[in-house]
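Below, chain A partners chain B and then partners chain C, in two separate complexes.
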Partner chain A sequence: MSSPTPAIQVENLSYAYGRAEAIHDLSLAVQPGRCYGLFGRNGAGKTTTMKCLLNLLRPQRGQVRVFGLDPAKQEVAVKRLLSYVPDQVAFYPWMSVRETLDYLASFRPYWNRKTEQELLGHFGLDPAQRTGSLSKGQRTQVALIAAVCPETDLLVLDEPTSGLDPIVRREFIETVIGAYQEGIPGKRTILVSTHLITEFEGLIDEFTIIDHGQAVLTLDSDHARERYRKIRARFAQSPPELDLKAALRVRRDGRELELIANGAGDELLERLRQHNPEALSTESLTLEEIFVATLKS
Partner chain B sequence: MILQINFKSGMPIYLQLVDQIKTAAASGALRPGEALPSIRPLAEELRVNRNTVAKAYSELESLGVIETLPGRGCFLKENHSALRKEVRRKLLIEEIDQAIVQAHHLQVPRHEFLQLIHERMDVLDDKRRANEDHKKEV
Partner chain C sequence: MSAKTTRILKEARSLFWPWCAVIIAGALRLVEQSDSALLRGGALQGIHPLVEAISFLGFFVGIPLLATLSLGNEFHHRTLQLLLSQPVSRMEIWSEKLIVTIVAVLAAALVFRYGQQSTFPQDPELWVVGGALIIAMISSATFWTLVARSTMGGLALNAVSCSIPLVWHLRREGIAETMTTRSVAVFAVLSYAGVMLWLGRRALARFQVTGGLAGDDLLMAGPKMMPRAVAEWLRCRSTSPLLNLIRKELRLLRPVWLISLLAARAWVHGRAGIGTRSAHASCVHSFDCGSSRDHVAGGRKNVGDAFLAPDPARAGSPPVAHQTGHSHVHRFGLCRSASHLAADGRQIHLRIDPHVREPGCGDDLAAWGAALELCLILVRLRG
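Right, the complex of A and B next:
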């Protein structure tokens, strides 16, 4: 049995702006139907990676493939398969919302008018308003409508919710889940880059944390939350000297200990238990806490 | 039936949904023949991937807890009494385990812990009887 062609395949990708290396030897694969998160701090290389997928930049080393196609050689075919919401949305300011959507639809072989109408109504957008006078949140909503209506197999979101208010952010994610994922399961793949991880937590199946252009950690989300745990222990006297090398991070405060474990949770719990703590508790880290723990250690 | 996700529990999200729906079925929050929420609005509300909700539902279907009626949605099956007992026991075991761990931390030995359980059951029985007598008088 051969596995299906990945929706996205990045292999040993490197890219530098002049002498400043933005991406170094990055590899990742996104299977069709998955929602994949690309997490990194500002300037970690998320946007550069996405620009290589969209043929806005040419890889200097390594290669990228979208459904097996090379974006540099088969640009039109690749662009038919994907839609994109950039971090900075720009439209022709003199066009109305209606004209903008019609203009964008003219490049697409398919456009779902019903979804368009529903989303315009849902967001409370006035089709006659000129895009130049829209707020940042409204411009992002128009960009999202334009990304959802062509019903492409791949949706690429680059920091889509940064700088937006909490209500708009929430509606954005609900729209991705509701309207975009409406299609045949396995035919709707999402690649989202963000440093606002919490709000995408339930959507993301798998993620890569990148830092200084390199992949630091790639994991399945459920698996990650199982592996990364916070353990708290309180002792009657000051905590005994323990071998806690297996912990990613250790905090001490008086009689209390807090450990971050990566995979060695059970072993650490057992070691703490042997010293009869007054209290002992454990919980999983959220994806955002995993992100912070990974980049701070 | 109100479902919620806890990302700090360490349990896969789809299994959290499976467990909560089983619990709702065992406790009567979801009755036989009642409809489960549709996948899209539930995924939107919980802000989880739709595939995750779909995976939970197909797991529940293969366990025989729910059934899918084409074009109408998912419903709790009429017959799941065996499951109810199993789930009830499982829920109770979780609570008991927590109490046991707590007893260990508080250095309450086994015999004292078991004795406490008997005492508490007696106390609660007495309360219940007192309540019933009170109702009779009124």
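Right, the complex of A and C next:
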């Protein structure tokens, strides 16, 4: 059976702002129904990648496909399939929240009014309030409602939780994103870029870490947690000198030794056991720890 | 309500208040020309210069502003990304904006036409020039706004670029005004409008949302705007906080310095114009108040111009009025005396002598020239 068309297919994508190269030879593929994380430091190229998906930027090299469609040639068809929440949300200040949502609904063939009402209540937004008087967080909330209500097959979220308070942030991630994906399981895809990796920990199925416009690491989340492990060993005396080249990072603290292993966890554990530690424990890294360990190494 | 109607209404709404302001500016002339007792010896008798200034601004700033505002608003409110990320063709966005702009500008232009009707009742050339100017403004607004990435930048570039044919029209020398030259001029302006329309459409189709903040604005564009030596001098140091504060402010205000530089140059040109005029101390202003266009066939007739001929014989018919030290000659012919003459049913012919210029008009031309240079600099930087 042939594999389904990827929701997003990026191949050797490059884009430069003048002389500054934002993305270089980036490739990634997002399968339908997955929640895909795009992690990277500020200026890593996450927003540029997302803008290329929407044809807001034209790739200088490489190609981008959304459900097999070329955004540059089939712009409207691609945009019908996705909703986008940008990192800097802006609305027409003279419009009320109600008018803004109606205006954005006018572009869509379907708009879930029930979800809209629920989310407006959830976020405590006043539909009569002008968007010009909304705070940054409230504008983001309106943008999130506008992105979820059309119930598109792909949700592209660029730093969606920046500016949201912790309660709304948690609620948004658990309720909104969760409900969106559960609407039609296995069909609705999310591409999210964020610094707040911990907040999306339970949702991310697969991720790519970008640094300086290049993909540094692409992994399935479960596989990543298996592969990246933190090993702690406590010895009776100071830790012995060991060959720990296989470890990604080594930290010595008195009688304790802490290692971060990348795929060689079992081998390192065995080596440590040979020196009879008082205590030996191992645990999976969180996605944020993997992110930090990868970029620091 | 259909989706298209919703979007068109949104476009119309964004233009509504500026459109009202422009309409009021145009309608003021109508009110002034009415037989209101307030205006005839009443409390508002001295309001004419103000009305004239508002009317002038309304037409030469308001109309290009209306043409620019539809897209300029998207930059101003940073909503272009929102608009372009919706599932609608860019050409549809372009056409919807164009439709609303055309309706708004034409409605405003009609009000101005009726406002000025009694001033220039029998001069089709004025309406041709005005019409061509408006068509050119509407057509080129999208392109210039996308180049400038701001309403003000788009307005300036649009106004400057559309004024080039007007300035040329006022300054042309040695070209006899025949039906052929007129047709060629109209054809040239319409061709310009067509090309700009196509360029604007193409620019929107290819537009890339490269940034989000003020860095988008052409006037605030990167350090390339400033020569390296000056930039180095204005660079903040790790010491002297007070000087750093001044340096920072100087850098922030860089568009103002550029504009000041150009204004200074315009002023120097203006002074030169005054010098030239002083050399023609015997200059008199003449109104050729004939009744037929034939009277001016050999001359260069420019209604809407303040350049007046010193030699009445060149007007093609004997002048009926000579005035010296005319205090009501205004640029672009928004002239009370002119309206009074026109109200008597006579045609007004104002003529150009290239060697004699009103100082204010010299300033105008120099300013337009300087603004044109600014436009070219900006476009080059953009490239």
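A few remarks follow.
Heads up, the rule we're going with is that the second predicted complex is superposed on the first by the 293 of 297 C-alpha atoms of A that agree within 3 Å, B and C clash if a C-alpha of one lies under 4 Å from a C-alpha of the other, contacts with A are read in each partner's own complex, and residues count from 1 in each chain.
Keep in mind that, in the parts below, a residue touches a chain if its C-beta (ideal position, glycine included) is under 8 Å from a C-beta of that chain, and two chains touch if they have at least 3 such contacts.
The model shown is predicted, which means the values in this text are computed figures rather than measured ones.
Of the two partner chains, chain C is the only one touched by A:80; chain B is not. In the superposition on chain A, A:139 makes contact with neither chain B nor chain C. Judged by the touch definition given at the top, the superposed model places A:46 against neither chain B nor chain C.
Once the two complexes are overlaid on the shared chain, A:177 sits against chain B while remaining clear of chain C.
Once the two complexes are overlaid on the shared chain, A:33 sits against chain B while remaining clear of chain C.
Contacts of A:107 after superposition on the shared chain: chain C is touched, whereas chain B is not. In the superposition on the C-alpha atoms of chain A, no part of chain A is touched by chain B in one complex and by chain C in the other.
Residue ranges of chain A in contact with chain B, taken from their complex: 33, 35, 170, 173-174, 177-178, 181-182, 185, 199, 201-205, 222, 225-226, 229, 276-280, 283-287. Those residues of chain B whose C-beta lies close enough to touch chain A in the complex are 5, 7-10, 12-13, 40-41, 43-44, 46-52, 54, 101, 105-107.
The touching residues of chain A, when paired with chain C in their complex, are 17, 51, 54, 56-58, 75-76, 79-80, 84, 86-95, 102-104, 106-108. Across the complex, chain C meets chain A through its residues 3, 6-7, 10, 13-14, 73, 77-79, 81-82, 84-90, 206, 208-210, 212-213.
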